[in-house]
């Protein structure tokens, strides 16, 4: 198992301000990686760059050996990367089933040939199969987040980028999603998971990366990261670290 | 109301959807058998041309959500290309085809720079392009300039021939619209309309998809212009490139129901008949009426006639 | 072309730019605060023209005064339009189709009203001022254009003052930059939007009156100016005031000097082509270019 995703000194500036500054990262294939950091650390920006929604100002992205730097998001999807959005972006007037169909039919890889069945499968996986015909605009926030995940999953990605898929969910709902992520990883998908819910991250990830002020602060196993002084400082402040 | 976007592997629903079209075509085809006045045939002819432009505009404006305020440019280019080629001896059907091709090529020229634009910029750009072409055509010598282009008619005028040509084109347009709507391509268009960024994040290529829909819409509109030429003795820039033509083209799908399959034809029928009546009886009020109609639709029933229809059907369903 | 002619042309372009700027600033305010492209702007330009015309013809009010009076009158018209129609359509951070179509419908209605009331004959406002000129050295200025320029610039300066020195003005600017943030700090969005809409229409009315002093007009008077307004605010960057001034200057210069090289029939195509070029090459307008440094995307 080698590195499926390589980020080399990735930077993204917005009018002179660095949202992401020289971040270098290697993600091993089949791993479940957590990306954490205080608000404004640049986590979602980094995710957007990897997904192709945003172009990096400088740096290089290599995915499965291919240079994907600057590739638009639909190209990234075809290469095998799919993402969810922190704030869900549903296709409002389409039904839940149709929303997932978009991911399924444009997402690139292996399909069984029966789209309706595959779509239902994904819906069942995330737990919203009962809402298949509802217009997406009528979903609750939690269900919308699940649909986000379902859409991305329907694209059968090799690398799944999750952006706060558990925020706004209850304990048990969170646990459902986390076990879903574990299963997805077991099936061979690499996952990069941005989350504010530190407990969730620590319980499900085997490797955690911490960002602050656009830069990579530290990375390591959940235990290492949890007790690291600079991480505590970043989140809570100097006093707590001392 | 949400129907499945795709109906693959399920033949019956597809046939069920095509049935109304077949019925409508047959009905319209038999109208001449009742020997209506030539004026009625003319009215129907014009309405059928509008049905085509209405359905065409809806492909890009309704399904894909890219609102063009300058579709007259394709109508006019189709008209002029057909008129000029026909007058120089080209077969009628070929000249209409050439009109469609000219419009389709133009759509690429228009789309390539403008589909990158966000927000209202696209709508504004389409106005600019259409008006620029109109001004140029008004000044161009060989196309007759402002006084227009006279079409060399070969043989006697056969009103019914043009009626059936217009019907054939309108039926083709509606059929294509149905095929698009329930296909993978159609799903991409709807996704782009709802959230272009999210669509791209799921693998849809927005730029290419929009260009394709635009090209199809332009080709149909250009063909409509070419068909119209068959009826006209001459055409002039203000009459085919005018902003009011662009307005009419977009008004009809809105009246009928933007983004639906049957909305645009219904809207075209409503517009066609009402417009003719208005022009005949109250020529000085027609802008007022259409403006007010538009305002009322936007304020009270943005989904047009189809929206109203669904609501009525919903009422009946609840009563059961 | 000699220096005198060149200077004459240049100065007349600048004078025109002033009026163009006043004409377009109304659209900018409305778009900036509500993200609504006001297609009815053309209708209000037209009504402003006829308003001033009627005041002059019937009450012998000096058209300049008439144009100034148009401001409060059209302000209330704008408030009425907002209250009756605009506030009922869904609000958004993006321009919406319903807003586009609603105001377009309104434009159609206004045009028809114009035709019904005044017919389609060409009208013009002719005062002793219309034909007089001012001579400075070898340069000749039509007086009309000078005074119109004066009023236009005065109104823009007043606007600038209000926008930067009064609470309401700053509220408007806040909403133009970020309506959610504005809401959070306590700006009453609905009230401010209403005022912004009123001001936008007021400027349209006044500018229409000023334009009527320079050109003859019919009820579809607004159309060509609407397109010019688009060009200006696109060149300037749809949401910036200084951009409007720059855009107006560029358009006025291009229009004035293109007469030298392009046959007059093609003249309108100049603004259209400039529009399309501007949209494609400068998606954020000229203002966008130099704002890139300050703005966060």
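By letter and in written order, the chains are A, B and C; residue numbering begins at 1 in each of them.
Everything below uses one rule, namely that a residue touches a chain if its C-beta (ideal position, glycine included) is under 8 Å from a C-beta of that chain, and two chains touch if they have at least 3 such contacts.
Quick caveat: nothing in here was measured; it's all calculated off a predicted structure.
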Highest C-beta pair count, chain pair: B-C
Most distant chain from chain A, judged by the mean position of its C-alpha atoms: C
Rounded Å distance, chain A centre to chain C centre (Cα mean): 47
Approximate Å spacing (C-alpha centroids) for the pair chain A, chain B: 42
Centroid spacing, where centroids are CA-atom means, of chain B and chain C in whole angstrom: 33
Residues of chain A touching chain B in the complex: 51-53, 72-74, 77-78, 82-83, 85, 89-95, 97-98, 101-103, 105-108, 114-116, 133-135, 151-152, 155
For the chain B and chain C complex, residues of the former touching the latter: 65, 67, 113-114, 116-121, 123-125, 127-129, 131-132, 135-136, 138-139, 243, 247, 254, 258, 284-288, 290-295, 297-299, 302
Footprint of chain B on chain C - complex, ascending: 31, 35, 37, 85, 88-89, 94-95, 97-98, 100-102, 104-113, 115-116, 223, 227, 230-231, 234, 238, 263, 265-266, 268-269, 272-273, 275-276, 279-280, 283
Touch list for chain B against partner chain A, complex: 2, 4-6, 8-9, 184, 187-188, 190-191, 194-195, 197-206
